[in-house]
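In the two complexes below, chain A is the common chain; its partner is chain B in one and chain C in the other.
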Partner chain A sequence: MNYTLHFGAVWASFDHLLGGLAIGLGLAVAAVAIGTLIGLLSAFASVSHSRLLRAISGTYVLLIRNIPLLVLVLLVYFALPATGIRLDKYESFIGSLALYAGAYLTEVFRAGLLSVPKGIVEAGRAIGLTRLQTNLYVVAPVMLRNSLPSLGNTFIGMFKDSSIAAAIAIPELTFEARKINVDTFRVVETWSVASGLYIAACFTIAALLRMLERRFPKF
Partner chain B sequence: MILDETARPLLDIRALRKNFGAVEILKGVDLAVRPKEVVSIIGSSGSGKTTLLRCVNLLEEFQGGDIILDGETIGYKTAGGKRVRLRDAELSRQRAMTGMVFQSFNLFPHLTAAGNVMLGLRKVKKMGKDEAFAIAEKWLSRVGLGARLNHYPSQLSGGQQQRVAIARALAMNPKLVLLDEVTSALDPELVQEVLTTIKGIADDGATLLIVTHEMRFAREVSDRIVFMEQGRIAEEGTPEVIFGEGRSQRLNEFLKSSRH
Partner chain C sequence: MDAFLAQLWIARWPIFDGFLMTIGISVGAIVFGTILGCIVGIQLVFGSFLVKLPFRLYVDIMRGTPLLVLILAAFYVPAVLGLSLSAPQAGTLALGLFAGAHIGELVRGSLQAIPPGQIEAGRAIGLRFPQILANVLLPQALRTALPPWINTGVELIKGSSLLSMIGVGELLLKTQEVIGRNFMTIQFYVFAGILYLVVNIALDLLGKSLERRLGARL
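== the complex of A and B ==
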């Protein structure tokens, strides 16, 4: 192999990569925050007594999980304006990723809900808590704790998926890397630095989540 | 304990019927418990004892009969000639009138001992934090756990967990306390501390409906023993009658088979 590595051209634009990383993190945090809310509601719906709620949750998960994220992002970005809803590309992407995260988190939270012992639900009801209060003060905390490990996986997955935003020209890390690549033709250097940044960021997120897991010891 | 024989029953179960699908679990149970009375239900597993208790706490639906608690018919009402289950808020209010202690403790794992006792006080009785904590402290001390207020369930032994569960039930000041095989999940050496605690609250004048396999305990603590068989009350009477010499053949067989 007679390819000589020259990182200089990549370092010159390193601040663009860092800026892209920050945008990606911002997109992921916003999407995961909204997606967590959707996922929680949808997970509770999926185990509710109401057939209608279960059907809504089931259909949502079925539809979203079977569309590739890239297609979903393009669909929301290009098709939604035709219905009269105008979103800028950031709103559109955050919305898409949130919908996508919500579907995966529904399954994560649903597994968490199924892991909550029936006995403590009955104990909550027995002291006179309403169904809603039991869910809020007994089921939700236990379920969230039980879900922490798989939540971490999903969060990291969503952060990496923020790279899809490049497809609609959001200047996040992948988009910036592609630009540098096109400008400098330093293919190996560009993509290995971008990969390094993704690894470092994901590693940091994982470490933070593990700290959180340790703070709330397993029951 | 001197009981007023003429007092209106605190709990009045009339012709209670319950089935799971085609299987009939309770086939018309009548049982009255007077204020301050301690009644123990004995019987082989599958006789419907636990189901009866769970019906009284409205954790199970039932298909026929009435349960009247302190003069109020609980769980169902008649609307337009049809029997309908009450709304969740009503059921919750009625459930708060009884306390329930479970076989498997069922403590809230994310809350400390004090937190377990306080949750109902805060959210159901809408007490402030300080007031709720004071009551939790009082009851946990009463069951001998005054030094374990800030321990999580996973840091407590089975016997201690069950005593927290007893404190959690009693702190709500229920009219009636239901105890469902509360020592069955305990190691033998931990049984006594829980039974002693229950004996104590019985002596304090609580009204107790107990499902138990501990015959000696039932004999010691109860005013009345109810023997259930195949979804019906087969016999009932004072401990002296039930455990005495003149007892029936089938009771004799059950007691012999349940002796460890």
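== the complex of A and C ==
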């Protein structure tokens, strides 16, 4: 085992790695933002009285959760153009990741909805709010607060999954790391630095989320 | 549709081989990951501080790094350290290490959920620690850990698709090769997706039925 560590080659391209990290975070933020909308709609559908809405939401979650993200990404990126929909690689990846995040967030928000105490819903109805108003002003804030921890975990998961964007040549962290790896063959250094950056980012996000959770006390 | 079926018939063996590779690698990884995870989980609960530290570090590194990065690292790193692994071996190693960390946390969680009175009771009737572990703690931990363990299996089958990026001839790579020949992009990606779906939903159902049965017996 004759391998001397030499980080110089990696530091020389460190700004590329940081740029890649920023792209990964951006992809995750965009995907989780859209995914939250999908997840909210789908979660309300999953607890609604309509059997059709429940079936749609259930099928969506079942399908997306059991297909590999990479298959979904490749399908959206390579197959959609054949149907006439043209997206650039960022749009297509954010779309796929949002679809993926939406399925996980459906479960998150569903659990959040079920955790809302019945009494406050009845209280809302009793003071004359309509069903929509009760959902909007009473149920939604409580549910969002209660699902904050799982929402945060999903965000971290999606940030890690943004590495899959490397498969369609989006220059995020994993893509840049692979490039440095192939250019310089400083294998150990490249992957330990890339992994370190991911871990540091995940821990920072987790710490920020814990602060956010403390800021808003649980109901 | 007829054209697709004709192409599917031509491509049946490569796709079947890929499917077997996906299953084989996932099974290898879950076996490796389960053994590793049990060791990690037990050490995280009962180990001394110094023993816990490296295991904690291992779990946090595995859980903070994307699976794709682990796979690429497992593919490139062993070679420069003088270990020559084939792509499927490197892939199984990466998936197994990843699974080991997740299963380790599962085992830790389910061991910690057992009331401490159980250990005291075991000691009171004269059992030694390995006996308490084998006869009192692990059977109970198994019940709570089983459903999420099956879920880890689903994650591994999904994760094995990433091995296509290091050239392991599993289902997704074989599908891509077939698409490269006949350009039926949508049809074959959807077909691969359906294969993944069938396996994963079957696993999911298995997990639910096991959960019910174990729940009834214990």
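In the analysis below, the second predicted complex is superposed on the first by the 218 of 219 C-alpha atoms of A that agree within 3 Å, B and C clash if a C-alpha of one lies under 4 Å from a C-alpha of the other, contacts with A are read in each partner's own complex, and residues count from 1 in each chain.
The working rule: contacts are C-beta pairs under 8 Å (C-beta built on N, C-alpha and C of every residue); 3 or more make two chains touch, one makes a residue touch a chain.
These figures come from a predicted structure and were not determined experimentally.
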{"item": "Superposition-derived comparison: chain B or chain C, residues of chain A touched", "value": "C"}
{"item": "Which of chain B and chain C A:E122 touches, first, second, both or neither", "value": "first"}
{"item": "Touching partner for A:L208 - first (chain B), second (chain C), both, neither", "value": "neither"}
{"item": "First, second, both or neither for A:A55, with chain B first and chain C second", "value": "neither"}
{"item": "First, second, both or neither for A:I164, with chain B first and chain C second", "value": "second"}
{"item": "Touching partner for A:L37 - first (chain B), second (chain C), both, neither", "value": "neither"}
{"item": "Shared contact residues on chain A - chain B and chain C", "value": "none"}
{"item": "Chain A residues touching chain C - in the complex, by the definition given at the top", "value": "1, 3, 62-63, 66-72, 74-75, 78-79, 82-83, 160-164, 166-167, 174, 177-178, 181, 185, 187-188, 191, 194-195, 198-199, 202-203"}
{"item": "Partner chain B, residues of chain A touching it in the complex", "value": "117, 119-120, 122-131, 133, 137-138, 141-142, 145, 216-217, 219"}
{"item": "Contact set on chain C toward chain A in their complex", "value": "60-61, 64-70, 72-73, 76-77, 79-82, 154, 157-162, 164-165, 172, 176, 179, 185-186, 189-190, 192-193, 196-197, 200-201, 204"}
{"item": "In the complex, chain B residues that touch chain A", "value": "57, 59, 88-89, 92-93, 95-96, 98-100, 102, 104-110, 119-120, 123-124, 152-154, 165, 168-169, 172"}
